[in-house]
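Heads up, the next two complexes both have chain A, just with different partners, chain B and then chain C.
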Partner chain A sequence: MGYIEGIMISTCINIVCVCGLTLLTGYVGLFSMGHACFVCIGAYVSAILTKYFGIPYGLALILGGSVAALSSIIIGYPTLRGKLSADCFAIATLGFSEAVRIILSNINHPYVGGALGISGIPHKTGLLQAIVIAIISIFFIYNYTRSQHGKIALAIRDHADASELIGVNIFREKLKVLMISAFFCGVGGGMMAHYYTYMVPNTFGAVMSTNLLTAVVLGGISSVTGPVLASIVLTATPELLRFMSNWRLAIYGFVLIVMMRIRPEGLLGHKELSLRPLLNLYHKLRSKKINTTANISSKKGGN
Partner chain B sequence: MRLFLQQLATGISIGSVYALLAVGYALVFSVFNFSNFGFGSIMMLGTFAAFYAIPLLKLPLAVGIILAMIVAGIASIIMELTVYRPMRQKNALKLYLMIAALGMNTFIPNFCIQIFGGGVRAFPSEWAKSVMTIGSIAIPRADILAAVLSIIMLALLWTFLYKTRIGLGIRASSFDSNTAELMGINVNFVAVIIFMLSGAAAGLAGCFYGMKYSVYPNMGTVAMKGFVASTVGGLGSLPGAVVSGLLLGLLETMISSYVSTTYRDLVAYGLLVIVLIFLPNGLLGKGIHDKL
Partner chain C sequence: MALLELKDLSVHFGGVKAVQNVTFSMEEGDFKGLIGPNGAGKTTVFNAITGVVKPTAGEIHFDGHLLNGMRPDKIAHLGIARTFQNIRIYPKMKVHENVAIGLNSVPSYNILSAMLKTPNVRKKDKETYEESLKYLDEVGILEYKDYEAGALPYGLQRKLEIARALATKPKLLFLDEPAAGMNTGESVELISFLKKLHKDTGLAIVLIEHHLEVVMEVCKNVTVLNLGQTLASGTPEEIQNNPKVIKAYIGERRQKNVV
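Then we have the complex of A and B:
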């Protein structure tokens, strides 16, 4: 039971992080190569807050997320203003995440612990908390994308110049989405720190960024439920396929290429998974049943 | 003073590796307006070709380097033909091209780790390892070779781009690929040439990097510094790429010898952020805004 519970908790943590990234990659179309650094910042801040300052778990998660969001301005401000090429943003995120990792590995303050990381973080992320936070983040992101903000984001992705002409402040919108996505990654990081109870800076490397991006791309750009579903699948499958775990990254890379070549919008691109088709089917079947019974009874009546 | 000269020599040699990589990025960006993030893995493939061919076939170093350039060029062309071109023809969003490139940058090195093993190896050349003394400073031959061959390669590239008909076609395509196509330039042919040249530059840079440090499947990450250099110099600008590649190499060695070696890798990204804040177009860039 503990094993299944562990998988479920790490799935929930992944869902929270992926929720943030899907908003950035899928809706505004900004390509981040280093979102793991926001996970890292959130994890460190919230772990230090709970371990040394005794701040309650929920508040620490929010503060960790907020610090991650503020730190995202450091790369957001120089690279998103003035319609710079999207490549600058991609390389800056990569550089920032490397920088965060190098700096955290070399700070020898006892709170941070350098390359040895932090251990003995209070274990606070239970299954219930993880599921509740995951559901709240899915709810928030889903509603954000359905709102006016989400529509503006899509407009920027598909035609930045046209959306600017109708009065969208592209810089502000992009920065806003970047901060929101960093916030969710930070919260996910906080949950991770309080679940594993220890962490080292090297956990938050390029591998984690690639994992997050794979979930977003596989699940579907411009969809919220798609990436959520994909992150469930991607967290559960490696556990089942332990014997080929060495090939996992190679397979992820291959999946990214093939998806982009064949179906760049992802498995559920522009669609949401919902219960509506099932409900419709159910209603159809029911009405058919009623009709046939009605026919039968009318026939009976005719006789 | 001796320390300074020594660092200057090291800086120029690593800077010329960065300059080659940056030129490779700049070539592709100048025509297609996107950055080939799969560049690092091309460099790695070329270096591995030389690494295996030199001891197995008893090739001299020069032939090995040329082989690395050819293999990297072919790998680069395959990448263009199988992934980038079909996507460009479908008018895919730039985001999709970048994700596919990142996919290649994840797939190829990890595939090679499974095939060749992830260990760190020494480049098989005794000649390059020996050290020459000029005046009071000692320079490994590999460093001199890197600087000289990079300059030759860049000069050849410049001649090709500015003195030949194909080069004229490439420059026309980089100015406006749609109009160039209307004027009868075969843009697909130009694309193959461009990817071949950038792949060859990557193969050359990979060999020097392998000689100077070591050969391993994840060595492609150094290409990111080449990308930083090409951004700092102005995306798509070839002179900018060369200047800022050398600048980056010099800054890195100077900072690691006079300030701290721990933060050596931060130099590149710090420089990137500062340049983007104060000179958004790079040092020598024309406008790098996304085109309409």
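Then we have the complex of A and C:
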């Protein structure tokens, strides 16, 4: 049970982070290769706050997210102001993320702990908390994408130049979305710190950033439920394939390639998960059943 | 004072002098045509006014503001809207959502209430929806409001782009080749549409167009550009009889046909 619970909690943490990144990548169209640094900042800030200052868990998560959001201005201001193209932005975030990681490894203050990281963080993230926070995050991001803010984000992705001539302040809107995405990653980081109870800077490397981006791209562009579904699949698949030990990463990679070949727009590109198709299918099957029974009875009548 | 005034506007790209010393002014409610052969600098004039390219020299005044060096979105908020030669609507959004972007280019509520979907947000979204229908009705595509914008036929996408521009509540509207890719029948329809639009809204409109019959039919005043410079300016009749214009514009077309 503990094993399954662990997978579920890390899935929930992943969902919170992916919720933030999907707003940036799926809606504004900016690819970030370094969102792990915001997870990292959120984790450190909230862990220090709860461990050394006795701040309550919920508040620490919000503060961690807020610091992550503020730190995103450091990279967002110069790159977005200068109208850097999307690929340059990806590289810039990658550099920023590595810089944050290296700097944290070299701060030997007892609160930060240098390369050894922080241990003995109070264990606060249980299954219930994780699920509740994940659901709240999905709810927030989903509403956001349906609001005027979300529509403007989509408009920027489709035609940034035309949107600017309509009166959209491209820089401000992009920076806003970057900050929101950093906030959610920061909250996810806080949850992570309070689940594993220890952490080292190297956890938050390029692999984590890539995994987050993979979930967003695989889940589908301009969709919220798609990336959420993808992060569930992506966290569960390596665990399901664990019995194949050496081969599991190869199979994982193969599945990704096949997925992108079959559906380049992602699992649910431009769509949301809803129960409507299932309901439609149900109604169809039902009417068919009624028809066939009607046919049978009419045949019987004919005979 | 004139609504829009260009004083000796020049735009150079490296050594290319795309626009040189162009001067013209517009009053409120004017309907001006801007014509000229390919590469005459018509779109560059638009781009300079709307802030997409920076003028090399000269001044652009609009409604008491100096536009030189201003950001495009600020210029848009002053009341200048435009459409594009190649249509730039948001294809994946619904038709009414396209117009809504024009209405709320700056969101009318904050991030937190958007995430919580407060009653105020619902109310404002509903208002936006209803207002967007008004603009769709104005250009005559109300029945397509729930279509995906990219699925509309070409002519209707043009109209949607105009509706989106109108939704920004401009004082001056630039139309960059609205008849591009249209056949004669569609052009005739466009002419009556533009006339009606001008009459209903009373907007100042500048029209760039290759289809001369459209320009001559709807514009009260025409400016001809050639090689980045103003060649002539006047009423459609004057322009049609101006020998310089015939040589530069119509003469060139005949040569093209021979080749």
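One rule holds for everything that comes next: the second predicted complex is superposed on the first by the 256 of 303 C-alpha atoms of A that agree within 3 Å, B and C clash if a C-alpha of one lies under 4 Å from a C-alpha of the other, contacts with A are read in each partner's own complex, and residues count from 1 in each chain.
Assume a residue touches a chain if its C-beta (ideal position, glycine included) is under 8 Å from a C-beta of that chain, and two chains touch if they have at least 3 such contacts.
These figures come from a predicted structure and were not determined experimentally.
Novice: For A:T237 in the superposed arrangement: first (chain B), second (chain C), both or neither?
Specialist: A:T237 contacts neither chain B nor chain C.
Novice: Please indicate which partner A:F140 is in contact with in the superposed arrangement: first for chain B, second for chain C, both, or neither.
Specialist: Touch status of A:F140: second partner only.
Novice: Kindly classify A:N106 by the partners it touches after superposition: chain B alone (first), chain C alone (second), both, or neither?
Specialist: Only chain B; A:N106 stays clear of chain C.
Novice: Classify the contacts of A:S119 with the two partner chains as first (chain B alone), second (chain C alone), both, or neither.
Specialist: neither
Novice: Give the label of whichever partner, chain B or chain C, reaches more residues of chain A.
Specialist: B
Novice: Of the partners chain B and chain C, which touch A:Y252 in the superposed model: first, second, both, neither?
Specialist: first
Novice: Quick check on the superposed pair: does A:I75 touch chain B, chain C, both, or neither? Answer first, second, both or neither.
Specialist: After superposition on chain A, A:I75 lies in contact with chain B alone.
Novice: May I ask you to decide whether A:L165 touches chain B, chain C, both, or neither, giving the answer as first, second, both or neither?
Specialist: A:L165 contacts chain C only, not chain B.
Novice: Quick check for you: in the superposed arrangement, does A:T210 touch first (chain B), second (chain C), both or neither?
Specialist: The answer is first: A:T210 touches chain B but not chain C.
Novice: For chain A, what residues appear in both contact lists, the one with chain B and the one with chain C?
Specialist: 161
Novice: Taking the touch rule as given, give the residues of chain B at its contact with chain A in the complex, in rising order.
Specialist: For this pair, the touching residues of chain B are 29, 33-35, 37, 83, 86-87, 92-100, 102-108, 110-111, 113-114, 224, 227-228, 231, 235, 262-263, 265-266, 268-270, 272-273, 276-277, 280, 288-290, 292.
Novice: Could you please specify the touching residues of chain C with respect to chain A in the complex?
Specialist: Result: residues 50-52, 71-73, 76-77, 81-82, 84, 88-93, 97, 100-102, 104-109, 111, 114-117, 121, 124-125, 128, 164-165, 168 of chain C touch chain A.
Novice: Taking the touch rule as given, give the residues of chain A at its contact with chain B in the complex, in rising order.
Specialist: For this pair, the touching residues of chain A are 25, 29-31, 33, 74-75, 77-79, 81-88, 90-92, 94-96, 98-99, 102-103, 106, 157, 160-161, 210, 213, 217, 221, 246-247, 249-250, 252-257, 259-261, 264.
Novice: List the residues on chain A that touch chain C in their complex, please.
Specialist: Touching chain C: residues 139-141, 143-144, 146-152, 154-155, 158-159, 161-170, 176, 180, 222, 270 of chain A.
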